[in-house]
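The structures come next, written out as structure tokens.
Here come two complexes built around chain A, the first alongside chain B, the second alongside chain C.
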Partner chain A sequence: MATAIFSVRRGGREGGEMVDYQTQVTEGMVVLDAVHQIQAETAPDLACRWNCKAGKCGSCSAEINGKPQLMCMTRLDTIDVTQPVTIEPMRAFPPVKDLISDVSWNYEVKKRIKKFKPRPPDAEDGTWRMQQEDIDRVQEFRKCIECFLCQDVCHVLRDHVKHEEFIGPRFLVYTAALEMHPLDTENRTEELKDAFGIGYCNITKCCTKVCPEHITITDNAIIPLKERVVDEHYDPLKKLVKLFRKK
Partner chain B sequence: MASNLVHITRRGFGETMRRDGWWVQSLLTFLGFSAFIVYSTWAAFQGAHYSFGPYLSPMYSPLIWEASGQTLTEHAWLGSWPSWLPAFLRMTPAMLILWAPGGFRFTCYYYRGAYYKAFWADPPGCAVGEPRHSYWGERKFPLIMQNIHRYFLYIALLFIVILSYDAFEGVWFIGPDGHKHFGVGVGTLVLIINVILLGSYTLGCHSLRHLIGGARDVLSGRPVQKKAYDCVSGLNRRHMMFAWFSLFWVGFTDFYIRMCSMGIFTDYRIF
Partner chain C sequence: MEYKTFEHDVLVIGAGGAGLRAAIEASAAGVSVGLICKSLLGKAHTVMAEGGMAAALANVDDRDNWKVHFSDTMRGGQYVNNWRMAELHAKEAPDRVRELEAWGAVFDRTKDGKILQRNFGGHRYPRLAHVGDRTGLELIRTLQDHGIHQGIDVHMEVTVISLLKDGDRVVGVFAYEREHGRFRVFKAKAVILATGGVGRAYKITSNSWEGTGDGHALAYHAGAELIDMEFIQFHPTGMVWPPSVRGILVTEGVRGEGGILKNNEGKRFMFDDIPDNYKDQTAKDAEEGWRYTQGDKTANRPPELLTRDHVARCINREVKAGRGSPHGGVFLDIAWIKEKLPNAAEHIKRKLPSMYHQFMQLANLDITTTPMEVGPTTHYIMGGIRVDADTQASTLPGLYAAGECASGINGANRLGGNSLSDLIVFGKRAGEYAAEFAKANGHGTIDDAQIETETKRAIEPFDRDGGENPFVIQNDLQDMMQKLVGIVRVEDEMKEALDGLKKLNERTAKSSVTGNVDFNPGWHTALDLRNLLTVSEAITRSAIERKESRGGQFRDDYPDKDPEFAKFNIAAKEVNGEMRISHVPLPEMPAELKQVIEEMG
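Right after this comes the complex of A and B.
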């Protein structure tokens, strides 16, 4: 059994410091196991959010050695434990205590997105008919576990604090899931351009890289939405065609 | 809603807790793009050694007019360099056309993400501190102009047709009898690979993916459009790879033809 040092962020809403904890690590352990072990052995007041330990609840998001990752899915044999392993809360949101950050902003953002508005039912019993090939694209987005790692790594939120003007990759994926749904009739492109600030995204694909569900956020959600915004706002030829069609 | 966000502490330029080589990718991108920009600019200013027999460099294709002072070849569409173009501009045929593929690549979604990181450090790496606090993204001038990408795509598609024709022309060698004969040289293969790579890059474009079917929520009942969308999506998944391969190969194709034309390389005939 080897011992490893974990440098964990301790503190409340203000300030905070990195505190080193030494604990034993064994084969098959993940970072969350180490945090639980530290809680059991030396720091019972260490606050961290967790739930499923299976990478499906999205609760244990943190920054491990500076990379936004789920603690429960980061095996210790994938990181260098010969040096202190740093564990910090997500930096794009205000810290609450230790490894917990306040992600409530995300829930407020979600409320601002126009809800799913299906076309009238296809059958008399109030049901709809869809083809699997039409829903495939949207199903990828439904894999999202709302861990907010993509929001955390996005430099528009993290470095430029554009929380008021930009909804972040998670909610662009959510909007894409609604916009591209074969039954949905709502149009969200106006909001995407203005209130949701899709133009802030400069396609660096960091969100795609950190997604634990491997959703191709940038290529399959954000860029197609950007193209829809171009269709309606930045393509003079399309505008001209629309003008003639109206006449 | 945002009142509780003021406590987010920003990190300084390059500041990060990451221990991996996050800077390697940006550095390689910077070096790769810089090398291509330097070479293509140099090549564009040469105005000579851009063709060799049936081969025409992709950096000079379409060859609207033969460069000033060069012997007229069959590659030129409109003949010799026009005298009405002022000589002090020191224009070459490449300068008349390179804006189109250059613009296509400059506004390409993949390249944008890559050069924002590598040249503008916006961000220098994922979860790495940035040098500037101000940020407009692609919402305002000048970067809002990136939305012009689909128009460059239309031109790029045309270029693929032209370069395909060039590759086809690359199999017709003029024999001792003065007539064209079918043959394949190393240069022919270089030109064919060039058009395949460029085609794979161009046909995997995000804008094309949108225009060909991505704009629709329902593609069932449109089998041809669905197939086309799936094909473009397949290429789109490897867009980065084709972006780099095609960029390198365009430069190499020009280099190969230039070397042959200068007599440094021998273009071996396969048959």
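Right after this comes the complex of A and C.
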């Protein structure tokens, strides 16, 4: 049976090194299987996050041969295993140990986004009516499994480290899901413009490319939000109207 | 040993649907709430639930109501359910689902703009509110996004090692945080267990690494009673190929949308064996079955949508008789609907997007053109901590349980879709009554001696050199349980399993882990093993005790149902360090509920 070499980042917050492990490759195996085999055979203390192993929980995000991917959905027969396969943690966040990075920043960001605020119910029994075609877009955004691969690949976060000023593609999608929810009455454009830094996104679409849920992040979420911000804050006609209203 | 202490009025262990719903409710009642997650928030096994949540909203079929849902649940559970839980569940599920919509959930819609409902096994009418085939994700995300604004203290990547007691009362937990392996003490006036299932005791399972029976074992070792542990649900359709994905769930929604099961002779074998009590609810031919899946109210459901225990056994039978698929399963075919629908491929992708994606990516198979290979996978445990139906209080003061780790609502077999609704109905109740208990009682006293013992036990694997790798022991346990206490059981094999468990316990006591305490999966597995071994013993002993076949328990040596065994639940309790099995009589069902069951036929 074939074997392959996996070069895995080992180490803690302070620093680490790539360590090579050899293990068997069998039909249908994914990268996460290889990591589990390495744990069971030689390195039981090798740290990685995983839960569902079916691409539904978004826990096992890593950089495989430099490409941000879910380990559980990356089949070994889609990558060249004749060369050592590198597995590293997501680099846009501080390393914790081995393949684990500290994603706590994402949880803090989400709390800053105003929660869902529905309009009063449509029917006497306290329920609402929505048409399927009006929620298709929101449902696309709600497919997000919060793997944070889009955050990892975003150059504003990864290279320019603007974590203080920019919430990243994941939370622009989250905000879009709220803003485009047919029942929601909240307005988040002010924050989008300022605190959430939507202007930093220059539409390189790297986030869309890595999304394992195939959410069209840039085209369907970010660009429409940018348009809203422009409409509300930079539209000359509206500015004029506002000016008169003030008087 | 140094440890940090946290104090909460109510402490919830587990952040899946039940834990989150409990935390939200307790917090809304005005008490301080801590929420412990074994993984990161939002990653719990609830995200894996696909098909939907059952609630008699009657949006699609106005004949549905709580009475039909109640009687479907009791029938599916073969009448050993806790009738009061089944009643509360059927009555309250619709409100809990509507509440999710008020918190931002976006369910698929009917033409008139209401929450759409789909067919599922054992449910008489289309009853499952859903979002494509990712309903669990919608549930957990809705609760998570609502919960983060409620002032709940979330402790992520923390694992509970034991419950702390003051006399009989549970007064907190001893735990460790994974990043640095540091011990933590959580003081709480009330503790809610919402830790999910035990699937990792088996080799082929749909459960994630977290499903190690933690809550079951924690409660058991604290002296609480477990009931119905013999009832394990083997979901009929898990993936079987390639080997690395064996066990991953293929939603029942595939069959709800018209998918059929076939053997290697191309025969639709589910028509061969229809249980008597479902005969008048089952389609007489393929045509009627198809009409049912397309919403024809005059049609009965196809036999693929019989209860999960039955479908799993039929698949097992086909495979054993040599009529299985190349990799030891049978064929699940949804592609055939192209004979019936013009845009079948698009329709399948829209209704079952994550199934399409899962098979494309993991098995290189297009479900819109090719049948899937599927076989039974360990999916769910009906058994768990014995609780009071109304309050979810366990048999220990201060300890509550909700969701999969609690028991009662499902009886011998759970209907698909009844789990997500169980989580929110009883999660809410657990939160409400735990908060009430916390308001009425002060903090108890933490016993330092207990903490010292637990600390010592927890770090022992580091002190032993040259012992076995815990991953190897876990694998051997999974192999053994799969082989000896699986879908078809006999007494001799289960007794062999008890001997095997004894040996595995001895090996665990000598196992050792390498590295340090920082985020160490090997160490974590060593700690998980205790829980896995405990629940495996409870499953095996309870299964030996139940000398009949019913729902999730099939005994080859007692293949029939025995009415004597419908009179009690089997309980497991720790007495002087040994597991004691006893019979707990089922409470008498009130006349009006008996009448409901009779009326519903």
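Quick notes on this structure:
Just so we're on the same page, the second predicted complex is superposed on the first by the 238 of 247 C-alpha atoms of A that agree within 3 Å, B and C clash if a C-alpha of one lies under 4 Å from a C-alpha of the other, contacts with A are read in each partner's own complex, and residues count from 1 in each chain.
Just so it is clear, a residue touches a chain if its C-beta (ideal position, glycine included) is under 8 Å from a C-beta of that chain, and two chains touch if they have at least 3 such contacts.
From a predicted model like this one, the values you see are computed outputs, not experimental measurements.
Applying the stated contact rule after C-alpha superposition, one finds that A:131 touches each of chain B and chain C.
In the overlay built on the shared chain, the residue A:241 is in contact with neither chain B nor chain C.
With both structures placed on the common chain, the touch criterion links A:2 to neither chain B nor chain C.
In the superposition on chain A, A:181 makes contact with both chain B and chain C.
In the superposition on chain A, A:206 makes contact with chain B only, not with chain C.
Look at A:54: by the touch rule set out above, it reaches chain C but stays clear of chain B. After overlaying the two complexes on the shared chain, residue contacts for A:27 are found with chain C alone; chain B is out of touch. Residues 131, 181, 184 of chain A lie at the contact with chain B in one complex and at the contact with chain C in the other. Within the complex, the chain C residues that touch chain A are 39-45, 47-48, 98, 101-104, 106, 108-109, 112-115, 131-132, 134, 136-138, 141, 145-146, 148-149, 154, 156, 179, 208-210, 241-245, 248-249, 353-354, 357-358, 361-363, 469-472, 475, 513-516, 518-523, 525. Interface of chain B with chain A (complex): residues 1-2, 4-5, 7-11, 16-20, 109-110, 112-113, 116-117, 122-123, 126-127, 129-130, 133, 135-140, 143-144, 147-150, 206-207, 209-211, 214-215, 217-220, 226, 236-237, 239. The touching residues of chain A, when paired with chain C in their complex, are 12, 26-30, 33, 39-40, 44-59, 73, 75, 96-98, 100, 103-104, 107, 110-111, 115-116, 118, 121, 126-132, 135, 138-139, 142-143, 145-146, 178, 181, 184. Taken in their complex, chain A has these residues touching chain B: 13-14, 63, 65-68, 80, 83, 86, 88, 91-95, 102, 105, 108, 131, 133-134, 152-153, 155-156, 158-164, 179-182, 184, 197, 199-206, 209-210, 218-219, 223-224, 226-228, 230-231, 234-235.
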